[in-house]
């Protein structure tokens, strides 16, 4: 902890007090955890029979051998495929629509704004469900569960990214674009050569943290029977009759993946910081806060 | 890439529609003697069946393989159409997307606890029924519930938006209805005592009751309060295919493969195979 | 559009959105209180509290809400026995509120914490020089300033919460997404109309909230 806005470096008395408080809260916390442990124990959630499928093969109802990972790996693959595809499309969507929203032409700017606002306001769950069940009437063909999930996530996260990119581009100091215009560059060149490269670097952490949202939201694929981690996990606990342990392990898997992504985001941020980005830090912070507030809070 | 793919699919769909349109004018050219397109697909080994993935005894996905009574019926059909059952492709369907799956050609045939009713008949063609189920209750072995009239004030679980759930809401409003997106969650809730009963078709419930991990814990009440004839769904215009499948079903009763299919799956728990009344098969309106 | 001329269907639609509002109302209050407490933990001088706050945030921010709410049903209710009511619908409502609040609180906490970080160090140093204690400093100097810069992110979180309330349907709460699902399954021929009505209702609810919070944030912004 470096200098905090809230308190000074603790002196001897404060250190003592903090240590006492630490001990007290540690005891309380442990008591709480033990309470949770006992509460689950009362319905035998910790028995080896319920945890065995995570560590080794057990006999399936049909007489074959199998374990939790037979399902989880299929689901994990589905989750990662959908998340990766949706992220690529969402980035493209975000770039196109942020540019459209910054357009000088009203007939581009306004419809783009309407589309972005629409997709940001409609719950992803409704969108995915509609694409799967109503896609037939819109596209004239049945939309596979995979594409329902990918398109639904693209529309929503793409719109969030579009707003983030717009904030990022607007946070580039005005002098940059003024200088570019005075050199005789036209608008598209200013965008492409001056603003977007600088904005992209500052928005990198936001982009990566949006990936966490995409990854979590693939769990909504259950509504159209897309074989992602949650759906495959539910097949697993139907076979092994261990719903609570399965949920715990599923949560752990999501946390590990997302924590890895977040760690990458921090790494990228530090690298971007080291390169000395010229944009005013406060503005970046504001843009990041706005974007992560929308995106981060929206994760499902 | 997505757009390209969609465009390609759309183009194929338009072509298919065009072909279909021509077909209706001149007695299905390209398929000699008015034969169903299913036969060609069966011979080529490209038949795609829509089945359930989460219903033990009927259609259950374990790893990448599917098993259950519905799957055995699918194998009988593939064989009867002149194909190799081992080459069948199975696609997971959920209750609500079975019609779009058939209409769009995502699957060729649906065998997925698919109740024949008038609304659905407007969208797809039904062969069968190959089994007649009825809505029933799954309860813990020691439960005092003996029928739907005992449900007042009790917690009963079903799948959101399903026909059994609607029937409970309309006919037994005193029951407390818990809804999930899948029966496996209902059974899990029944196993840990959170709900008092699970309701859906008796055959599905029997599948859960016979699962090894729940052995001896549940019983099916055995007083069905509806009639659910399970059909085999295929394209509305494929009357020839529908008639053909009905013939296959008749033959399967005669040669004992229907009984064998039952014995290998739902019959494992000791329930004797039902007698399939072939006189009740649909007349395949096109 | 004749789907909604059937009074039963119209009722389903209205009840669905009323449930969304009820879920959002209770959850937003609980999440705000819980989020404030967590933020206080995360910036406290006591390491155990900081760890607790950080643990909560990491746990809930990285787990899909579907999983959180399902866990409230199968873990909290079924396995642990936390029951709010004998009535299944009331009980499921509160289980969903618990899940939504615990999840959203993690985001509220992070928004407030980053809000605290926007308060210049000099403010707190001046307060300490005046002899204010930690709690006084937090209550009188830091939070009032932090809360202002936190208005915009909190607005976004409220919007997200409203949309996330649809996920309560996974444990059978009769909210808008379940209503839409039921209507589409009954009237598949009118899928597009049904979807547009539900989607546009969300737009009508949420876009004004978004603009309202942006305007409020601009008015309250601490100019530096």
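When the chains are written out, they are named A, B and C in that same order, and each has its own residue count from 1.
Note that a residue touches a chain if its C-beta (ideal position, glycine included) is under 8 Å from a C-beta of that chain, and two chains touch if they have at least 3 such contacts.
By chain, UniProt protein names: A = Glutamate ABC transporter permease; B = ABC transporter substrate-binding protein; C = Putative glutamate ABC transporter, permease.
Only a predicted model underlies this, so the values are computations on that prediction, with no experimental measurement involved.
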| item | value |
| --- | --- |
| Chain occupying the most central position, where position means C-alpha average | A |
| Chain pair that, of all pairs, has the most C-beta pairs in contact | A-C |
| Subunit B and subunit C, separation of their C-alpha mean positions in angstrom | 40 |
| Distance between chain centroids, defined by C-alpha means - subunit A, subunit B (Å) | 37 |
| For subunit A paired with subunit C, centre-to-centre distance based on mean C-alpha positions, whole Å | 16 |
| Where subunit C touches two or more other chains, by residue | 74, 78-79, 169-170, 181, 184, 188 |
| For subunit B, residues contacting two or more additional chains | 96, 181, 185, 188, 192 |
| Multi-partner residues of subunit A (at least 2 other chains) | 43, 133, 222-223, 243 |
| Subunit A contact footprint on subunit B (complex, rising order) | 2, 6, 9-10, 13-14, 53-54, 56, 61-64, 67, 92-94, 96-97, 100-101, 103-106, 181-182, 184-185, 187-188, 191-192, 211-214 |
| Complex interface listing, subunit B residues touching subunit C | 95-96, 99, 123, 155, 160-161, 176-181, 185, 188-189, 192-194 |
| Parts of subunit C lying in touch with subunit A, wherever the complex brings them together | 43, 45-49, 52, 58-59, 61-67, 70-71, 74-75, 78-81, 104, 107, 110-111, 114, 116-121, 123-124, 128, 134, 137-138, 142, 149, 152-157, 159-161, 163-164, 166-167, 169-170, 176-177, 180-181, 184, 188, 191-192, 195, 198-199, 202-203, 205-207, 210, 224 |
| Of subunit C, residues touching subunit B in the complex | 73-74, 77-79, 87-89, 92, 169-172, 178, 181-182, 184-185, 188 |
| Residues of subunit A touching subunit B in the complex | 43, 59-62, 64, 66, 70-71, 74, 89, 132-133, 136, 139-142, 144, 147, 150-151, 222-225, 227, 234-235, 237-241, 243 |
